[in-house]
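Right, one structure below, let's go through it.
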């Protein structure tokens, strides 16, 4: 029998520890170390670093000096040098539980990175009041991935405890760099999902109240994140203006015309230039400009349309000002739907779980999540996948500096996932 | 002895006749016929059509159906079918007076086209009050080329009268399509200036009062006139916006960024998008846009800089919207300076001419004139050239629909030009 | 018994007559005369002109001289001067059939104007091949309103034939100026719908195949049409650029930024600058610019959002260039839904009608239609309304210069509408 | 007799000391302390802080916390706390030498601030090779103001040595914050120039070779420096775009249209948006944008024209996007001409000075300098003023991170200024 009270306590402890030491995407060295250590101590086969990450598919990873600085920071904050070494610079971990009995391979995906937001100084903010607010400046677990990681580790524990009652294999995936949708493709392309029959991703919060659980959702926006750098020629603005090539005006032209891309009749499109920085001095024609932008679309075709148009705008604007332009894709997510059969299986498995007051079959995906790459990879090989949402009162919206989760929902989440394995797995065996 | 009173009367008569029947550039069929007829009747050797125009160098000429419609109109308005036939569709005329005696070849250039302005309906406007306002809708001699043509013909007459006292040769050039600087290169490239030792162009008005004559000027802006056509794809703006390629927005982007071209430290630059028309219906994404634009610069290099930048803007804007763009050069003028020696010769020749109260050696060129191509052509072969300005009270500025000239200054202009031949020619003989 | 073969023949005859003489919105003098004459000859009480139009609510009507010119043209093309006089300059007609028996008032709305498209010269285009192509240059019945008007008149005829079997009242409305959504409010505000229990509008074509009939539809976009005029100061672009106030650049700025208005999460938005004309001459800073634009939104709030943002863009752009701006609303349509109960009644009434192979309860409204004002007016007073679609093979899309309808579907349309009155009216009586 | 060799050595020593500790405008606490200390030790009456600065006229001064941090830094780098206290937060110093004999008051202006450029790490850059490269990150004397200050102090020394041979008064002004033209008005408005008969400003380098000295120059551009802040509303770009007010697009619109301001026929105009930063995150509609910009014009009217147009653009762009905008003027300079009579007096005084190989009466002012405020202030009260240029090989252009001066020219500069006092002062006495 599982001691759910202990599980709850431990889930909260881990969540608070991770909340104290949030780490941005591809820099989750301490978090990965924490996860890998615990998986190992529980008896899992653990993979990390280049065992779970395909470097060519990595998007939006910081330059080497930042990597190194953060490895040092992580060690200082308690990361185990043994695991750091095994990571070889690439975060993320996979724990494998092989029951030895025939049965399906069920995978669970937990994202582990934080967001680039400074946690509020407000003394009434609970993490601050109770002493587990972020100590890493400018970083905060304001999207609940600390809770995800804690649930993943507690799921690992309870499954190991009841291993003898289970069949098939379970993969517990700790994915880096979900923010900016930068991490999942590198895990997919490394092949960790090749044998997976069913994949479950779960997200806490999202405006759904504590007690509500959604077995799947639809409506993910396809998105591409990209950075644009314009390089022109700086020159004294009054003395020799004709010698300049104005990168700022190229960027301004691009920004306006990106936002003017025509909509699409087959679905919503979104485009945003979120950051623009250009120029060095007031009297210098700016030879440099940089933009962070993203495009979104309701489905693959619509998203491709808006991205293609965006590239034409970006490049044409460079021509207008005779400047060079470089585009770096820093993230991408596709659309994916939750399989109906899996949602049904989960619905049945979740009957009677304490803490659930409202069990829904469907919900809206809010925005984009790179879990869709994993879902599509599993589905493309004939498996099933779903994206569950775990209601949790969060006070404010995600990414807000006052974000906090209802910690009582953590154990509910673990119970749900455990039930899927224990009660649902047998329905998922395609080989049987 | 010249009967200057008769000359004055006839100059005014001709000017008023031409004012009544203004003709836009490359469509001066009646005007050319009037000039050619009179030159012939005076005893000049007359050339017209392809004898004076190189078709490959023609810029901004209307399509064939407009040419034909205007030939018909010109005949209706009194053009001589014999001359129409000799023109072969190309306007402009050259009268040659060969004294048979050794001496220099002196050429005079008179532009003959009108501007595309509707003459005012104001009953107090003198041409209307006295019954010689334009009968050609949308066309008006609002730049004084009617006066130029009349002066040219009266110059032809007086020179023929005193032919026996003159030496060398005189060319009297009636140039089409000065407005938009479209006509001079076609005459230069046809070779009519090859033997010219001295070229004199003259312009009436220009803000200079009656009585003032300037023997030369400097500061012509180099200019290029060009039309841009963007061709995209029209589509229903609400129903299938993604299928459109918006030519209107390409043109808007181009217009803004053309005006944002950086200045040049070596001289003034100017750019103007004077006309923009795009689109067909309110609810249709515009698949078509058209712009009339021009660039100018203080000298060849500066002008080339701004034109090159303009082409980058025009083409880059097409890329931004995925539309095709076509650029047609419709006119061009270069810079040219009036030779000092010729200005001196003219100054001396003009001493004592009635009607001149203020004789200046230098003046500002206002804007651009394609006479500069002729000046440069003569100067490049070792000859001299100048651009004189003949003061004349005009009430309002050039191209204004109330424009009129002080007709008393016409005979002064003829006297000046006659004096240049009679008194100045001997100083101009390079062969002597 | 109705002779449906004769009805079909006559419907086609009328449609072809109207197709030959298309008339743009608010200029349908001949069309109104045709409709009024026939209604009167059938025995209808006929209203027209200020009896059916509230002048204050008229949008997008041409200036008086155009009105007068078109009245003359209409008379020349066969309009009856008696009806022209009754119209008093305002087109549109209403035929009233009062059975004298208690029962509901059922109204049918037919729009009568053409679109501003020149009919193709293609000799294979059937209206050209068979000799009924448009004789009015630049105007064409490319949206099927000729068919609508013909159906309305044939409906009038068959209802009058079976008048003794009917109850209540029938209104047959011939509405001007649907294109540009300019006409319906003027009829609504004149009060012609005050007593109406049920309103049926019908539209032919729309990509639906012959044989399909839709009893209602939803998804009309709210829209506002508006014209923008910018008035700045013209000046010579090279001579005194600082004295200009550039209306062309104000319009270019507005156009770009209008298209960059952010989308809305509650529904689709659309914006289009369909026409932009600015400037007079290449070397003149343009002191004048004019734009035809429209905004749309999925519902009233979304539409109001995008229109409000558009006004800010239009006015701010004027400030940027120091020019004046004037905005004229030239059309508007709202959203409206087809009542379920009416759609059901119609579905039942249409059982067994020859020519119908596919009877649907619902369909997409494509774009906007000002019939929504009439629908909402009836619904707001407790009545019901629907917008039916009558499938008809049209070869190409609406507003295309090759547009044509499948004339065999005309009689199907008349049969449907007749059946609604004969079989459905008794279910519509709210007073009963 | 002056020991010019010692003066040269000391000038170079001081210049290198200041080069090592460059200080940005309004933060020259150490530099002011160095100057004030030396002036005092030489026997000058010294004024500083609010004795020479009018706080209301200060432009572009950093906020209080930056001031305080830099006072601490300056003290750490050797500033004398006594002088720091006297400064009261405001840098700049004035040394007064009163000979006690009747005569004119001659003032010399030396600017003391550095530019915001990081000095190159190139080991071949002489200041680095010889160990006096900047130790203040991001700051560098890349415009020669270290040399100016050193010359001013050596001028103070030699004049004091020969005080008994001089008449009248000499003011030696050390002006803060010339870069960005932020400092001079505060000194003018404090009244330190009220009695001045002649003012001499001097600038080293400027593309003129060592050995050349120019006694005056003309062609200063009037300029205004200003910062623009747009404040809109941030919102999630995909989730609720309609709630945002996009400050980035407002800034982009402003930037484009600022550069599109029409030129002026009465003189050159210049405009530059040198820096633009906007937005916080890729997926957030930017609620904040900031621009550093400047306008320039050949004369007061032209400059006023372009600044007024710029303000319209800045404000109109805010309206377009419904955002607030705030404009802060951070600097300004006017035009001023060097008096002919003073240039002649200087030309005569400079005859025979060692090191001068080319003495010119006139030169081009490159760009803007706020010394013009001082020149105009003196001229407006009947005095004379000039802006001399001291040739010095600098290798690269001003503000380049490799900038260095030819130190051999420092003593030439001191000799020139000394000669002006010794030989020229008697011609400057207006009271005499």
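Letters A, B, C and D name the chains as they come in the text, with residue numbers starting at 1 for each one.
Keep this in mind: a residue touches a chain if its C-beta (ideal position, glycine included) is under 8 Å from a C-beta of that chain, and two chains touch if they have at least 3 such contacts.
The structure presented is a predicted model; accordingly, all values stated were derived computationally and were not measured.
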item: Which of A-C and C-D has more C-beta pairs touching across its chains; value: C-D
item: Chain whose Cα centroid lies at the greatest distance from that of chain C; value: D
item: Chain centre separation (chain A, chain C; CA means) in Å; value: 51
item: Whole-Å gap between the CA centroids of chain C and chain D; value: 69
item: In chain D, residues with contacts to at least two other chains; value: 239, 241, 246, 249, 253, 256-257, 259-260, 262-263, 270, 285
item: Chain B contact footprint on chain C (complex, rising order); value: 116, 180, 221, 223, 225, 236-239, 241, 246, 248-249, 251-253, 255-256, 259, 270, 272-286, 289, 292-294, 296, 366-368, 397, 399
item: For the chain C and chain A complex, residues of the former touching the latter; value: 256-257, 259-260, 262-263, 268-270
item: Residues of chain B touching chain A in the complex; value: 239-242, 244, 246, 249, 253, 257, 260, 262-266, 285, 302, 305, 309, 312-313, 315-322
